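Going by the order they are written in, the chains are A, B and C; count residues from 1 in each one.
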Amino acid sequence: MAETVRLATARLTAMYGKFTAVKDVSITFQANTVNALIGPSGCGKSTFLRTLNRMHELSEEGWITGRVLLDGEDIYASRVSPMQLRRRIGMVFQKPTPFPTMSVYDNVAAGLRVNGRPGRSELDGVVEHSLKQAALWDEVKDRLRGSALALSGGQQQRLCIARTLAPRPEVILLDEPTASLDPGGTQRIEELVFALKREFTIVIVTHNLQQAARVSDTTSFFYMGTMVETGATRQLFTTPREARTEAYITGRFG
Amino acid sequence: MNRRVLRRWVSNGMVGLMILAVIVAVLPLVFILLNLVIKGAGSLSIAFFTRVPVPAGETGGGVANAIVGTLLIVGTASLVGVPVGVGAGIYCAEYPGARLAKLTRFLADVMNGTPSIVVGVFAWTLIVARVRHFSGLAGSCALAMLMIPMVMRTTEELIRLVPHSLREAALALGYPRWRTSLAIVLRTALPGIVTGSLLSIARIAGETAPLLLTALGSQYFSLDITQPMAALPLTVYQYATGPYEEWHRFAWAAALVLILVVLTLSLLARLATGRRFTLNG
Amino acid sequence: MFRVALTIAALAIPILLLFLLLELHSGARLAISRYGLGFVTGSTWDPVAEEFGAFPLIAGTLLSSFLALLIAVPLSLGVAIYITEFAPRVLRQPIAFLIELLAAIPSVVYGLWGIYVLIPILKKFVFPVLRSGLGFLPFFQGPIYGPSMLSASIILAIMIMPFIMSVAREVLIAVPGSQREAALALGATRWEAVMSAIIPYARSGILGAIILGLGRALGETMAVTMLIGNRNAISASLFAPGYTMAAVIANEFSEAATDLHFSALAYVAFLLFLVTVLVNALARLLIWRVARGSGGGKGL
């Protein structure tokens, strides 16, 4: 199977004003893989993730140097609209963020409606398909018109995943998606992530090493704003090249 | 030991005084509401709501013109005051660091403390003195100016209560900034903003001083807001300070109607808030 | 586009205030050029002779507001302390709600109630007692009028009480529980804990609440106009009628016939505006300091 590079960064540096949060990171993410970003808190992995869909620039005084390439094109080029870009690179956050005033159905449809006026039957189809992909359909099909806030935490997070899937992005960014969930909820999300790589390219930030080992194809280790090591997950966890990586995965710091 | 008993005595005595303070503070409310019902309810009749005032000395008549006037003046004020206040509130919440936001926030507090009579004088020199006659519209402008800072401050506070993560989630879905603000953030804060707006409408509905210098009052039924116009608070004032026994009865009845309007608006406001709490679980 | 619309709305407030200042000043220009600062000390207010001095009005405004504070402050602080520190939990919200309801009653209704209910009661029961008990003081001598400085101050006190109470309550709630517990752990009674730990902590915020109440009292118009008697003189007796800046505007503005009369009234409004701006800025500063102080107190 020929490998295609879906997303890549080249010498990417992310700043908050004068403070450097991420320094000189170059990574490539292959299409249809799950890529984990690990490291102690404050290491810059979340900031790095947020540069990939241009969310970083919305932070106070956030700016970058270097390049981020989606299918070979620089997403920071002046002709690229951040709004259009974010429809191609979806994002799921640490805490579930269903829109409180919308029903389950409207939450999933939100990303499509902002993109134009899809027809009723088309919308129904996409909502059902997205909820099925997010393994939530069976639990909510009878209360699509109910409030999204009535769902449990784990269900809310899967709803957010369905909402992210609905506009059919190429890449999905997950920022510690299971941090606020119980073990049962975490397991379902992990299974989901594994299944979704057939269609999407996934980048997941996690501070849970077992989670990275379970779901990802590649892992990148971040420490103090730099990317220390990147490689196949199995290789990185069994024979790390860098001493700092080894120290971290064996639990000696972080 | 003796000292200990004394200290406990002082403590209990102070608590007793505080309970007394609560009673003294609540007493006027009970008194005012009771008096309004006792002295006002008797004069309420169909005619009171449907007729216009009759000349002094005659009996009968009503305050239909004042009720309609209050609705028109307050309605017009709200049409201007609510959107401007909400817009300014969104601005201050969305761009909290902007210099204009800091200035506006500070000046809104200044404006909130400005006596309404001063705003009345302003509306007089700005409008009445220029067009050379009193008008309901000038009254609306004065009342709108009183509303704007109130609505602005509640809007800003409520928008700030909306979690930042919701805004990020919308932006990450590809929402443009303006749509994020309106469809997600403002929509989530809306019940509270409705409450705040209703409360400020209730507040200005009872304002009298600025109307004395602008709407002036009128004995006739009028829907023309560019002319002098009657309003319930003006009616209460004119009848209360007038010389006739019949007028005083009317003043109480008009005050009862006014307080019912104000309390109904406040109650509606609380119902809207109640819904918000159930919505957010 | 969206930002432009919001910016226009946000600009409305500074622009309106600027206009207000300019309009009041230009309205008052005639009187300012004629009397200058002597307006503040002049004691004649005679529209017929076209002679205007605002001293009795200013004195009346200050006196009625301070008297109102004298009555309202102990009451509202007592209520605020009671409902934050002592009241049974189920009673806290209802009491606060009832007193805040007082703030919803329109000023003109207070005036009506004052004329026909409060004044007769005061005249019949309260004022005679005050005169016979405290008559050795000049404030409680002389004939008893219904509409008077004291009547107006009492209605003002009732009106500003909810404002002082609700701000003081917020300030007291912001005092960290650890302050109270520390005092109680040292063996203080609950009252002593309030006086030694909570009040000192919240002091400047409470002062802010009081000054905010003062700001309200200074500008309050209708109820005062209806109860103070509207006589332009300074009298030692609180039973005698008086006048305030807001009341003179309400009474005379729509009937003023000459340019100078209008201008003098606009001058009064201008002064009243400046004073309330200063008073409110001071109050905000004090309240803001407590809000910041309690945040810092929790340790950052």
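Operating definition for what follows: a contact is a pair of C-beta atoms (placed from the backbone, for glycine too) under 8 Å apart; a residue touches a chain by one contact, two chains touch by 3 or more.
Computed from a predicted structure; not experimentally measured.
Listed by label, the chains touching chain B and chain C alike form an empty list.
Averaging C-alpha coordinates per chain and comparing to chain A, the farthest chain turns out to be C. Closest to the middle of the protein, by Cα centroid, lies chain B.
Chain centres here are Cα averages; for chain B and chain C they lie 18 Å apart. We define each chain's centre as the mean of its Cα atoms; on that basis chain A and chain C are separated by 57 Å. Centroid to centroid, with C-alpha atoms defining each point, chain A and chain B lie 48 Å apart.
Within chain C, contacts with two or more other chains are made by no residue at all. Within the complex, the chain A residues that touch chain B are 53, 55, 58, 60, 83-87, 90-91, 93, 95, 97, 99-101, 110-111, 114-115, 147, 149-150, 160, 163-164, 167.
By the touch criterion stated above, chain C contacts chain B in their complex at residues 1-3, 5-14, 16-17, 19-20, 23-24, 26-27, 74-76, 78-79, 81-83, 86, 95, 98-99, 101-102, 104-113, 115-117, 158, 161, 165, 189-192, 212, 215-216, 218-222, 226, 246, 249-250, 253-254, 265-266, 269, 272-273, 276-277, 279-281, 283-284.
The part of chain B that touches chain A in the complex is made up of residues 97, 163, 165-166, 168-176, 179, 184, 187-188, 190, 279-281. Residues 7-8, 10-11, 14-15, 17-22, 24-26, 28-29, 31-32, 35-36, 39, 83-88, 90-92, 94, 100-101, 103-104, 107-122, 124-126, 129, 134, 145, 148-149, 152, 177-178, 181-182, 202-203, 205-209, 212-213, 216, 233, 236-237, 240-241, 248, 251-252, 255, 258-259, 262-263, 266 of chain B touch chain C in their complex.
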